[in-house]
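Submitted below is the structure of interest, expressed as structure tokens.
Order of writing sets the chain letters: A, B and C. Residues in each chain are counted from 1.
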Amino acid sequence: MLSSLDPRIARLALPDAPAALQPKAAFDQFETYEVFHQKKDGAPFSYVGPVHAPSADVAFLFAKEQYSRRAACSGMWVVPTSAISLTRYVGDQESVYDVVPTPAPEAPGVPAESEDYLIFHLKKRGKAHTHVGAVQATSAADALEQAKRAFGEQRPVVNVWVMRRADVLTSELEDRDIWSTTPEKKYRDAIAYKVQDRIDRFKQEHS
Amino acid sequence: MIDPKKDLLYRLADDQLILGHRNSEWNGLGPILEEDIAFSSMAQDKLGHALQLYSLLHELGEAEPDTVAFTRNAGQFHCCQLVELPIGDYAFSLMRHFLFDHAELLRFEALTASSYEPLAQVARKLKGELKYHVLHANTWIRQLGTSTDEAIEKLQAALDLTLPYALALFEKTEAEPAIIAEGIFIGEDALRQQWLENISRVLSQTALELPDVTTISPVEGGRHGVHTEFLQPLLDEMAEVFRLDPTADW
Amino acid sequence: MYGSVSTHDIPAQASTGLENEDPQLLAEFEARIARGEKIEPDDYMPALYRKQLIRMIEQHAHSEIIGSLPEGTWITRAPGFRRKMAQMAKVQDEVGHAQLLYSAAETLGKSREEMLTDLITGKSKYSNVFNYPTPTWADSNVISWLIDAGAIVNQMANARGSYGPYCRALERICAEESFHLKYGHDAVVHMATGTPVQRRMMQEALNRWWPPIMTFFGPADKASQHTEILMRWKVKMASNDDCRQQFLDMYVPKILEIGLTIPDPNLRKNEETGKWEYTEPDWEELRRVINGDGPCNQERLAVRRAAEENGAWVRRALQAKRQAPKAVRPLA
């Protein structure tokens, strides 16, 4: 049996020589979901990163602790990576809308089969995509053109993400109390550890 | 006779401390990275709850939270035996989490109306945290409880094993009549009924079968200081460093 | 928590493969980096850039997940509520960092499955320091403070690098590491200025950890064509020696002010050169440990394998419920 200084590991009673390992199968880690958080009421949702999960509801459970266990948060969205359409990335001073076709003049009324699409902009490479609004559209390509009409004046726009609202799992307003105690968990914050007094006292005693 | 408030607080706090400690054993060893993180957060929350409850005890004249948590022996603990059992496989730990946290959610909901206002305040504050814990537990039990035969078998075995212990979550002490009479808490019987309804509802959405609880004898004793063989080694391990130098500030 | 292991990975004479790249795309790529813009996943990038970044970010991720184990050793024994909760939060953060870093590496086209396989089969490397044991609580504190301090030096440099997803992950990681550093410092100071038992424990732990700490940043970089290109592409942001000097500048005074001694009689700052001088670390030992012959290599991998194997039924069960997964490569 493998000996360990860690009592948890000792209890696992692992064999000394592990059996040969099979490589992990494809999708052993499920699929990816992209996560957006809202820092406070009224603030736009912005991208925080992905999670691997087997379903949207599990992705939400995972996202909540991976991306909002410290900073204040008032809402969270998760969406399958596969449900996001994106443009190419342009330079930091440019707008990707310059290479998006301008939509045909708006026909009166909205087509019957249209639905809500959420639009996210990346303003600078290396930063996070941020929600700018929603458009009614019949497809992701159409949504991008509609976004150009609605948000195309904004500059710079390095990259745009487009997704159907129906594909986004959003936290419920009445459940926002799941974040209510986060700011009180000071033991997770650097600011809770102030030790200079103790050092000064020690130095005085030993000077 | 012990102060009914203290009697209740010790039971609540000891449960939280011991289960938080147990669940922390999964840190870094979980089945998938994201779940490792989520499960650790909930274990931390439990430690945080224990600390708040021991702080209330301190206000009532008991020793400092660290002293109470790290220097008592098993016979002085009032946790139920459910929380002291080793972590087992992930099915066992998830099932214990499911059964325990459903009771915890109801318990703290009821405590928001406690006549003992400091405890009611703590209970109100923790509502959101507990909501997440139960959401987590329900999601996992629903997901795994409707999946492969392998997973369903493991969860069913875990349920069969933990249920007699879980039923002892509601073991009463001599202080029970006073606790109810003084409006500190609605009492264990009321809680047990709601709990059974809630866990039954979730389990009925899965392939798992809740055994007939009327035929099961709860494994009681924990509330009276009677514990499994696992608690004292757990406490010795937990206090290994703390007891190296009892005068030290760590 | 991550120290350099990269020097051992690239044979100095290896081809850069740049002759196979489209000269115009390569020029635009280099111009973008020179302008200070980040590279994002869908951009053109030279094969060497992609390969080196995957290797670097993957090793960083492995170092985090393995790095959770030496401190995890004390998770059930941390003394008092304050330390107990913080130790849990810190170990949790290491797992969280691994998650963020694997995700960043995935955007470059290597799946998390492949990376985890390479970790548990021993194909990929991780920071050598995690192959040393933590026999006491004080050892865990030394890691929390000084290994994390070293990691911050490294990661702050890398956060100025050119790859967008890695920078985003590092921004978050550095913020969390500042908690680790303060927590570790707090714990070390409490022991170093505490009772005789505590002081002795802490000094002994520092004595054990000083040699691994000195190898944390890796040996001095050899000048090579690779190093020069990777610096120009902002993949490698600071030399190993520069990182080590910066670490010594910042932390030697903090160690000495609390009455601890450093077990290297030759350690001194040369006032003329402004550089720290020290006993040359045992690079042969570093090489041996990285290649598998450290005191805890076998345990670290065995534990990681056991975690993967014990969780396999959970993943199989969840997988069985799903439709065919659609995307396994995060966008950013």
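We take it that a residue touches a chain if its C-beta (ideal position, glycine included) is under 8 Å from a C-beta of that chain, and two chains touch if they have at least 3 such contacts.
Note that the structure is predicted; figures quoted are calculated from it, not measured.
The chains touching chain A as well as chain C are B. Averaging Cα atoms per chain gives one point for each, and the point farthest from that of chain B is the centre of C. Across the two interfaces under comparison, A-B and B-C, the one joined by more C-beta contacts turns out to be B-C.
Here the spacing of chain A and chain C, counted between their Cα centres, is 24 Å.
The distance from the centre of chain A to the centre of chain B, each centre being the mean of the chain's C-alpha atoms, comes to 32 Å. Separating the CA-averaged centres of chain B and chain C is a span of 37 Å. Touching of two or more other chains is recorded for residues 25, 29, 32-35, 37, 40-41, 44, 48, 143, 237 of chain B.
Within chain A, contacts with two or more other chains are made by residues 7-8, 12, 29-30, 51-52, 54-55, 58, 66.
Shown for chain C are the residues that touch two or more other chains, namely 69, 72, 75-77, 85, 89, 96, 99, 190, 303, 306, 310, 315, 318, 321. Chain B contributes residues 21, 24-25, 27-37, 40-41, 43-44, 47-48, 50-51, 65-66, 69-70, 89-90, 143-144, 146-148, 150-151, 154, 237-242, 244-245, 247-250 to its touches with chain C in the complex. Every residue of chain B that touches chain A in the complex is listed here, in rising order: 25, 29, 32-35, 37-38, 40-41, 44, 48, 86, 125-129, 131-132, 135-136, 139-140, 143, 237. Taken together, the chain A residues at the contact with chain B in this complex read 7-8, 11-12, 29-30, 51-55, 57-58, 61-62, 64-66, 69, 175-181, 185. The touching residues of chain C, counted against chain A in their complex, run 32, 35, 37-40, 42-43, 69, 72-73, 75-77, 82, 85-86, 89, 96, 99-100, 103, 106, 111-114, 116-117, 120-121, 133-135, 164, 167-169, 172, 176, 178-179, 181-183, 185-186, 189-190, 192-193, 257-259, 298-299, 301-303, 305-306, 308, 310, 315, 318-319, 321-322, 325-332.
By the touch rule above, chain A contacts chain C in their complex via residues 2, 4-9, 12, 14, 18, 21, 23-32, 34, 47, 49-52, 54-55, 58, 66, 70, 80-82, 84, 86, 88-89, 91-92, 125-129, 158-159, 161, 187-195, 198-199, 201-203, 206.
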